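Below, chain A partners chain B and then partners chain C, in two separate complexes.
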Partner chain A sequence: MGTSAATSGATTLVRTRRRRLNRRALAGYAFVSPALVFLLVFALFPFLFTLWVSIHDWNMLTPIGTMPFRGLDNYRYLLNEDPLFRQTFKNTVYFTVGNVGLSVILALGLALLLNSPIKLRPFWRAAFFAPYITAPVAIAIVWRNILDPDYGLANGVLAQFGVPAQPFLSGLNQAMPSMIAVAIWQGIGYYMIIFLAGLQAIPADLYDAAKLDGAGAWTLFRSITVPLLRPTMLFVIVINTLNSLQVFDLPYVLTQGGPVNQTNTLVFYMFNTAFKFLRMGRATGMAVMLFLVILVMTLIQLRLLREKE
Partner chain B sequence: MSDSTHDTRINALEAGIASGRLSRRDVFRRGAALGLGAAAMGGLLGARPAGAADKVKLTLLTHWGTKEQKDPMDKIIAEYTKANPDVTIDHQTVTFDQLLNRITTGQLGGAAPDIYHFYNLWMPDFIGSNLLATPPADVTGNIKSAYSEGTVGGASYKGTTWGYPTEVDLYQLIYNKKLFQAAGVEKAPETWDELKAAAEKLTVKDSAGKVTQAGFMLLPSWDSGVVHPFTSLLWSNGGQYVASDYSKALFNEQPGVETLQLQLDMIKAKTAILSTNLANDADFESGRAAMTIMANWWGATLRASKIGMENVGVAQIPHTAGHQPVALQYEWLWGVSQTSKNQDAAWKFLTWLNSPRSEGTSSPMGDFLTSALNAIPGRTSDQKAHEAVLNDPFVKPFVEAAPTARSEPIIPGAQEIKTALEKQIEAAWYGQKPGPDALSAAAKQADSILKEKG
Partner chain C sequence: MNARGRIAPARVGRGTLTYAVLVIGAIIMILPFFWMISSSFMTSQEILARPVVWLPAKLRLDAYRALPEAIPLGRMYLNSVIVTTLTALGILLSSSLAGYGFAKFEFPGRDMLFLLVLATMMIPFFVVMIPVFYLISKFHWINSYQGLIVPNIVTGFGIFLMRQYMLSLPDEVLDAARVDGASEFQIYWRIVIPLSTPVIGALGILAVVYQWNNFLWPLIVARDANMWTIPVGLVSLQAYASNADVINMQMAGAALAIVPVIIVFLLLQRFFVSGIALTGMKG
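For the complex of A and B:
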């Protein structure tokens, strides 16, 4: 009797705990449900819808339910028959490599400089960060005027040194480097701030100890700064790569993809395919492939940099 | 409960009482039900002003969003709604860049306007998607009798005219008279040989051989800037853009190759420049280029510049021996949405908008086009009514070219084909590939698009 009462008491206790846990779980679900609903509506549904449209032919003028099914035709066309898709992909890689590579080096350099005790340090930090918080389209318009072949400031400066006017945005070989330069100028302040935060998180006593052992500036940088900045660098590279692969505003405002598609990027081509040629099936096909590329590249980057950690 | 249902029930109730088939309780019960129904309906309708139930609301979508354009159009709309108090019109505007997006999203979201004002190149897609309502026979008859053949052609697709043509734009040779005089070129070139010779005379180089003034200006990085002048020259060389049954592209045949070669020859001789100024027009305005092929709407830009309109001349498209000058023409038109519940009211408004107010006068649309847009109205009677405006030395040659002008090819996938051709012509201009190869590549793409969409 006593045993059974004890057992019964234990069972009741377990049940009560379970009920409490269930209630807590319910409360947890209730708290996350707005975020969950937001995620489902604004992330998962659009993604699934994009996938669905990419296997159909749709011009956005006909009801969704009447889209003809195309299977993998859109993907086959893009991969095998569309030379512009290949070119815009190459252009995007060119832009990404140039922008990410140079941005990381320059932003790190700037961060090191602005981490040292120089005059007007807060001013310089704010000045370099300002382009990042300026509207990208406004930046592109300003730079379009600066790089204007006839009236632009850039050629005005070159002319002072006897250098002939350069077709920065309309020259076949100059348009993409010019666009990369604008992108670097636009984003460098943000990455600089991240590097600055990373630098300031490195304990000063490590440098002091190394200095006592006779380490020079280069050794300090190579043996302490770079290894300890690796997580920051990983973040900067991943974020910058993601942003660069999706570049749209600069070609849209600066060059419209020209000259001869030299600055036509994947997302700009995707935009034209969808909204100018009304081929939403192909455009979403491009979006899916870009998503896969970004996913794979991000995973590779994470793995490579973590392995070194 | 609709008004008609309510009336039917009252009638049935009255008939029931009269025939003695309904008891007092029945009458009370049914009367109460009717009263509740009426009260509910009154509540629903109560928020609307008296008479609003009969009002027809039309939504109009245009790309005339600037104050200079929207205000005059709104004034015209107000004139119509004042005379037709049963109609309200909501004039929505977006920029030209956003117009097609707005049309597609409106269609998707179930917020399609009743009336569209759109670029005729979009017709094949719109019609293929059942976006446009077929105009009533009287509207079609009105259009066919009041507009030139070319203009009607530009508003027609697959044998049907789809709406009222409005703004008409044509391409002509535009030149700087001052530079012509300075170079000793007495008249505008009429033939290709004369064009090349004039371009050579008009080109000025500095001591280092750098071109400081070009005879001719080409306009890269803009589909219409590349393709419209090319097509005008192609037609003036006896060529064709596509086969009449839309089965294949023809711009890559011999006349097309010769047309592109004309441009390449001038680029090679450095008598033509690829306008490196992104505004595309500054080279001409500032006197760095003496000739170009452009549309009449450019007049507004030129007027606002420092060039001085007395220095700007307009001439026919240069042609080759045995062929006539042919200007490319494109236009805009009013159409009514297939999904509109007020199609009759929409066509009635459009007919009023595009018809002369009285015998020998302009239509409201003609007034708007000539005053707010500086454009050439498509309606022949509007052209006559605004003769004084259209007799302007810059505008007149465009109007005179209209009867022989050809509409930009309205073909399935027109925009995509146009962009493909633009990119390939540019590739040839920039020396990336020979002219025939560039045109063949564009034709291959065009054929594939025509095959798929045609």
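For the complex of A and C:
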């Protein structure tokens, strides 16, 4: 009798606990479901839809059901028959390598300078960071005017030093380097701040101990700063690579892809293919290929990050 | 004494070099802003003058007067403010709700659903741009605030950031509130949100900067001038680009877009920097 009462007491306890757990679980679903429904509608479904469109021919005006199936024709066309796709791919890689390489070196250099005991640190930090928060479109309009070969400030200043006028954004060989320069100018402050945070996270006693052992500045940098900063470095490279591969605002405002497609980038070309020429099949094909490039690069870089840690 | 004497000159040398590099760098960073503001008050003759004239002879407001006739400036500002504010609020609300759900509740399928959220972080916007545009057009949201705002109010990154932060909130506090009979939503609103202000601030700043500067999506969705945001409207000035007469107008437009942001940034600099350090290192 006594035991059965105890058992039934225990079961009610378990039952109420389970009911409470169920209520907790329901609350959990309630908290996450609005966001999940959104992600389903505006990210996951569109992602699958992009894959679907890329194996069809579609101009966005005809009903979805009537799209003619094209298999891998869009991909085949882009890879084998479209010189402009190859060109924009090359341009995008050029832009990314130039921007990432130089930004990382310059931002790290600046962060090291700002991490040393200097006066007016907030002023320097603000000066280098300010371009990052300004609208890329607005600041690109300013740069377009500064770099204009005929009436731009840049050639005006060069003339004062006796340097002949440069074509900058309208020069076949200078257009992309000019665009990279603007991108570096705009992004360097952001990466500098991240490097600064990384540098400040390195414990000062490591340096003190090494100094006691008679290590010089270069040894300190090589054997303490570089290894401990590696995660930050990889983070900066990953983020900058992802952003650079998707560059759109700069070619749109600075050059419209010119001269002769020298600064035409993948996302800019994709935008024109989709919204000027209404070739959604080809545009989504480009999107899928660039996505695969980005995915592979991210996975490689994250793997590297994990190995080093 | 001797050692100090030997180190001092080297340090002075390195110090001067440091400052020289910083000064040159800062000039390169600030000069475009200076020229933007200065030339927005100039005549086109002054802008084209050689040798370069650095300051206008007289503060002319011609460009600022001509600008509202070329583009709907007030409307662009209003649109940008509405779109940025509502999008940022949407991101904060959706991210904090979902982040809290993933951080502090156990339910079947939770880890798989969170993986799904992480997966959406790997999908850049350009990949889904065409289908999202198609959806928006089916909703008849082209050229509307809904079209500009709704697709952007949930981000995988925001949910991830909130969840990481909220994992560290003490369970005892939440349980104590439950014992006191608070509902789950009250706990979220009265306890979790106030305890999460640092991460809400960081995500809020990022969301505001991102939306204020966002260009590609508004360029596609805002078809008519009355729905233009600031970047889209500024780009329409480019139509005059070959004409040297409108440089001062382009510079005035850029200045009106940039200067308010710079002022806000200078006032809130500390929060920007700590926000970026926080989100950067967690990402």
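Following the convention adopted for this analysis, the second predicted complex is superposed on the first by the 282 of 309 C-alpha atoms of A that agree within 3 Å, B and C clash if a C-alpha of one lies under 4 Å from a C-alpha of the other, contacts with A are read in each partner's own complex, and residues count from 1 in each chain.
The rule we apply is simple: a contact is a pair of C-beta atoms (placed from the backbone, for glycine too) under 8 Å apart; a residue touches a chain by one contact, two chains touch by 3 or more.
It should be emphasised that the depicted structure is a prediction, and the values quoted were computed from it without experimental measurement.
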item: First (chain B), second (chain C), both or neither touched by A:Met289; value: neither
item: Partner with the higher number of touched chain A residues, chain C or chain B; value: C
item: Which of chain B and chain C A:Phe248 touches, first, second, both or neither; value: second
item: Which superposed partner A:Pro167 touches (first chain B, second chain C, both, neither); value: first
item: Partner chain in contact with A:Val260 - chain B first, chain C second, else both or neither; value: first
item: Partner chain(s) touched by A:Phe277 [first = chain B, second = chain C, both, neither]; value: first
item: Chain B versus chain C as contact partner of A:Ile194, first or second or both or neither; value: second
item: First (chain B), second (chain C), both or neither touched by A:Asn59; value: first
item: Touched partner set for A:Val137, first chain B, second chain C, both or neither; value: second
item: Touching partner for A:Ala35 - first (chain B), second (chain C), both, neither; value: second
item: Chain B and chain C footprints on chain A, overlapping residues; value: 60, 144, 150-151, 275
item: Footprint of chain A on chain B - complex, ascending; value: 100-101, 103-105, 107-108, 125-126, 128-131, 210, 220-222, 274, 276-278, 282-283, 286, 288, 413, 415-416, 419, 423, 426-427, 430, 432, 448
item: Interfacial residue positions of chain C with respect to chain A in the complex; value: 15, 18-19, 21-22, 25-26, 28-30, 32-33, 35-36, 39, 47-48, 50-52, 94-95, 97-98, 100-102, 105-108, 110, 113, 116-117, 119-120, 122-135, 150-151, 153-154, 156, 159, 184, 188, 209, 212-213, 215-216, 219-220, 230-231, 234-235, 237-238, 241, 244, 247, 250-251, 253-254, 257-258, 261-262, 265-266, 269, 272-273, 276-277, 280-281, 283
item: Of chain A, residues touching chain C in the complex; value: 21, 24-32, 34-36, 38-39, 41-47, 49-50, 53, 60, 110, 113, 116, 118, 122-131, 133-139, 141-146, 150-151, 153, 156-157, 159-160, 185, 189-190, 193-194, 196-198, 201, 232, 235, 239, 242, 246, 248-249, 252-253, 267, 270-271, 274-275, 280, 283-284, 287-288, 290-291, 294-295, 298
item: Of all residues in chain A, those that touch chain B in their complex; value: 59-62, 64, 81, 84, 144, 148-151, 164, 167, 169-170, 172, 255-256, 258-261, 272, 275-279
